[in-house]
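Presented below is the structure to which this report refers.
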Amino acid sequence: MFGQQVISGLATGSLYALTAVAVVVVFRNTRTINLAQGDFSMIGAFMALIFIKDLGLNYYVSLGLAVVFCIGLGILVERLVMRPIADSDWLTLFTATLGVYYILHGVAGWFWGRDTKAFPVTFDPTPIKVIGGLLSQGHLINMAWAVAIGAALYYFFKYTKQGIAMRAVTDDPETAELMGIPVRFIVLLTWGMAGFLAAFVGVLIAPIIYVAPEMMDEVLIKGYVAAVFGGLYSIPGAIVGALLIGVTENLAGGYLGSEFKTVTAFIMIVMLLAFRPQGLFGIQHRREV
Amino acid sequence: MALLRLDNVEANYGAVRALQGISLAIEEGSIVTLLGANGAGKSTTLKSISGTVQPSGGTIEFEGKPLGGLTTNQIVKLGIAQVPEGRKIFKDLTVTENLNMGAYSRKDTPGIASDLELVLDLFPVLKERSRQLGGSLSGGEQQMLAIGRGLMARPRLLLLDEPSLGLAPIIISEIFNTLRTINKEHRMTLLVVEQNANVALKNADYGYVLQVGRIAVEGTVDELGKNKDVVNSYMGAQE
Amino acid sequence: MSAHLHCENVTVSFGGVVACNKISLDVEEGKVVGLIGPNGAGKTTLFNVLSRFQNVDEGEVYLRDKPITGLKAHQIIQLGMARTFQNINLFNEQTTLDNILIGAHRLLGNPFADMLALPSSRRIEAKLRDRAVQLAESLHLQGELDNLVRNLPYGMQKRVELARALAAEPDIILLDEPVAGCNEEETSELKAIIKRVNEEFGITILLVEHDMSMVMTVCDYIHVINFGANLADGTPSDIQTNRDVINAYLGEDH
Amino acid sequence: MAEQNTIQTRTDKLKQKFGRQNWLAAGVLFLAALAFPIFPGVEGWMASQASLIILYIIAAQGVSVLTGYTGLVTVGHGGFLAIGAYTSALLTKYFAVDLLVGIIAGGLMAAFIGFLLGLIFLRLSGAFMAIGTLGFAFFIGTVANNVPIFQGREGISLPPNRILGLEIEDLGFYYVSLFTIGLITLFIYGIVRSGVGRAFMALRDSERAAESAGINRVFYRTLAFSISAFITGVAGVLNAHIVNYVSAEVYADIWYSVDFLVATVVGGSAVLMGPFIGGIFVVMVPFFFETLADFAYILKGVVLIAVLLMAPAGIADLLARPFRALRRRQLEQAETGSTNEAKP
């Protein structure tokens, strides 16, 4: 029982992690808490659903197209909404993403309706035994995807020129500019990456929950909570935070009752912010927020 | 023809009138130093050259081409790199990554690789620490890294903003020795902004002394070394 | 008589780097005292210690013989010590008048009475406003009282900051680079004002400044620090000819 | 010193000249609001809708004290709305208290929790404060859902409203709301113009300079939190009694918190009129597009972004601009007219 709770907690946590990473990446390069991050995922899930059900495309092709679509969406939001107000105060940036949230929510409801839709499950529903627990194949596949994306991100940030430049911009945008790094382009790239991660989260989580305009609201909140574990700055911190939330809420749900499942994350965040506002990993926030 | 020429450059820094008409010329292959007490406008002069501050008047020409209206990364591409004041190392990047970011605007991968070797030879201590994070280096090592990072752009002109700041005398002379090597062996033109007048005058060819946004004195380093006005511009003596 | 402000062996280090190393200095009552030193000498850190934004590792600061390193930043003004900031730190979205009034915060009385606009606090408020306006007039700011400070020219913002510090009716003021970034005209204006503040208001002044000609003409006494430690102290003419000081400014081997 | 009252700033002169006009305009508006229910064609449900708008405005006023004047962004004021609502609901249900008692008790309870939250989040600002307050709102929602006394989604039904012993319906409730918002607006007006308001804004603009001026950060931050929570708590009481029902279904919804923030930002967060315009906007958009809920969402988003791009200080500020320019011109004319102001 315990092992199983932990593993399925890790499985959910790994999807929170992808959202949290996107939140961190956008925040540390643009000071923006992106409230629309969840809706990028929601749009991605809807797009994939259309590709699969209406156009009859293969699952992986649909996933790929949804990813491309969401990258475009992220870039569009940066160019049209965020760039004109890039120098504004924190509240302005934050509420602007709220505006994007409203628009995406409304557009989704307008085109696809408010009722929840099932996402075609393409995996064998028989659970598999893993380290003393039973786990659905969907969960396992999601975990595998999350690990693969995590590895790809690691490679990107560690070994590619643009990835290192993105970290340099995080570190010190003014000096990055002095070194000839085009900071605006890097910011655009950051939003593209947010879209990229969002699409995966949306498509992967869709078979587990459902597809609807508000499908991502709760996941997003947990993504923020996880991001705060890394002080909104550290990617490893956010990933650890996300897995911790996934496991803790699953254990709380399993042992204390399902009503405790959702509140766990918020108790954790309030405690964390009250006692360690710089995040669990002792990283100072680099920039005034 | 001078490599870089500033003609009557004025600049406001926020609400501050930092430069009130600076004119100077830097010959190719020379080491020129810009001296002055704190707040004299030295850093603003460099910022105007690198395009992070837009001058409100005057012209800046590099190889005869005006720089007005260019963005910082365009100016870097033209061949002007900067070693910023206070080093400004990327603290969360390793030494090698820091150096590679200096070469961001370059596309010639083999050239970058050989320049990386060159810089690591120039500063052997960086080779030892190539995998450490920039933030873990000592002050002197960070200054070497900052210079190395500037060199990685393979610039025609390297701007250095107070390379001696906060460093022990022995480290300062080590750094300036290397700068002279770079200048001689690689024919790189250097503009060194300094508060530490003695070390700068010992190592440069020509110097300008700034005083509250204006050039107070200029001349060869020998002339400046004998000029009492230089000391006075620092110590605030009247007449 | 003991000094108005007295630092004794103040030591501050940041993760192994010692910013202030046993710095001791005295500021005599009624004098204008300068604190100078090359970049990175530890002046700003010391100023932050004095205004309680920075804790000390060792040492003590006495304001009229009262130790203050255990106090919080907002308590310092109660002891009559005000300060200004290096790059101007005004309340940008508010008018000149409101900025000056915020300076007078400690004279406000009970905040709850003030919030509910009780008669007693209305009287105080009226008095503070009149004083703020007079203060503005004496610093030649009377025409700008209703303008947002962010729209004022630089030299004027500097004077607003000084007015804000004076509004608290201090008997000592710390000035952090009062003429940094000012042109000649603004500088000479501020010099005159600082002298007046010292002479007319009888306020002791400790100032950090890079503009040496300003320091030399305004100060009665100067402390020089370098690499976080005391280097020299004396009258302006002593300091101008002091070999150690010249070396510190121009580099080691002169 | 005999001339103490002769020192006048331009603002004073403006106040003297136009202050009466301002009060007059406010008075006329208030009278119009008083008379609103007797206009022909106005029905009971309209009064109820008007009360709803009023309580939204009050809630947004609470947010503006914290976010607008003190600079602490809150996405958690739905939590204070819930605290006010449940406090009054439980008192009404178990002790049959008067609505007036409910309003005061609900406000005070919210203020107390707000004080505690202010202490807990003493070191937070910006994004961290926003996420922390968001967590708080969720926490309150979960408590409402799960602690038995609050009766979860089933909710608590309340008896008809009584104030000062009188039973009131839609119309009476409208007047209660109107007087409440009148008092709260005066309260905020007083704070903003006092040294306390100046201290809030000083902390917003520069914490360091504020502390150096002797402003006790801990005291004023928690005070701002308490006042802000009090005001939104009062809105919560009204929200409970307008439908005589509270339920976790309603108060576990984070979108209250977000709506209040939107109302403050769209209207103008540090302007007295801001929450009025923002509150009306937030309530009316979904009201007009009831059958087109998705369109309402899109409209809300587009307006929000448009305001941020074009009028970052909010709609109230945008509307006030021409008036300010006009008054300035008039005053300048008046000044040049009487030449006794000539400078020496």
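Note that the chains take the letters A, B, C and D in the order they are written out, and that residue 1 is the start of every chain.
Here is the rule we use: a residue touches a chain if its C-beta (ideal position, glycine included) is under 8 Å from a C-beta of that chain, and two chains touch if they have at least 3 such contacts.
In this text the structure is predicted, and so the values were computed from the model without any measurement.
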item: Farthest chain relative to subunit C (centres taken as mean CA coordinates); value: A
item: Rounded Å distance between subunit B and subunit D, as computed from the means of their C-alpha atoms; value: 54
item: Centre-of-Cα separation between subunit D and subunit A, whole angstrom; value: 33
item: Centroid spacing, where centroids are CA-atom means, of subunit A and subunit C in whole angstrom; value: 48
item: Separation of subunit A from subunit B, taking each centre as the mean of its C-alpha atoms, in whole Å; value: 42
item: Set of subunit A residues in contact with two or more other chains; value: none
item: Residues of subunit B touching at least two other chains; value: none
item: Subunit D residues counted as touching two or more neighbouring chains; value: none
item: Contact graph of the chains (line, ring, star, complete, other); value: ring
item: Contact pairs between chains, per stated definition; value: A-B, A-D, B-C, C-D
item: Complex contacts: residues of subunit A adjacent to subunit D; value: 27, 31, 33, 81, 84-85, 88, 90-92, 94-96, 98-110, 114, 217, 221, 224-225, 228, 232, 259-260, 262-263, 265-267, 269-270, 273-274, 277, 288-289
item: Touch list for subunit A against partner subunit B, complex; value: 161, 164-165, 167-168, 170-172, 174-182
item: Partner subunit C, residues of subunit B touching it in the complex; value: 13-18, 20, 37-39, 162, 164-166, 169, 195-200, 212-213, 230-231, 234-238
item: Complex contact set, residues of subunit D against subunit A; value: 67, 73, 120-121, 123-128, 130-132, 134-136, 138-139, 142-143, 145-146, 254, 258, 261-262, 265, 269, 293-302, 304-305, 308-309, 312
item: Sites on subunit C touched by subunit D in the complex; value: 51, 53, 72-78, 82-83, 85, 89-95, 97-98, 101-103, 105-106, 108, 111, 114-117, 121, 125-127, 129-130, 133-134, 145-146, 164, 168
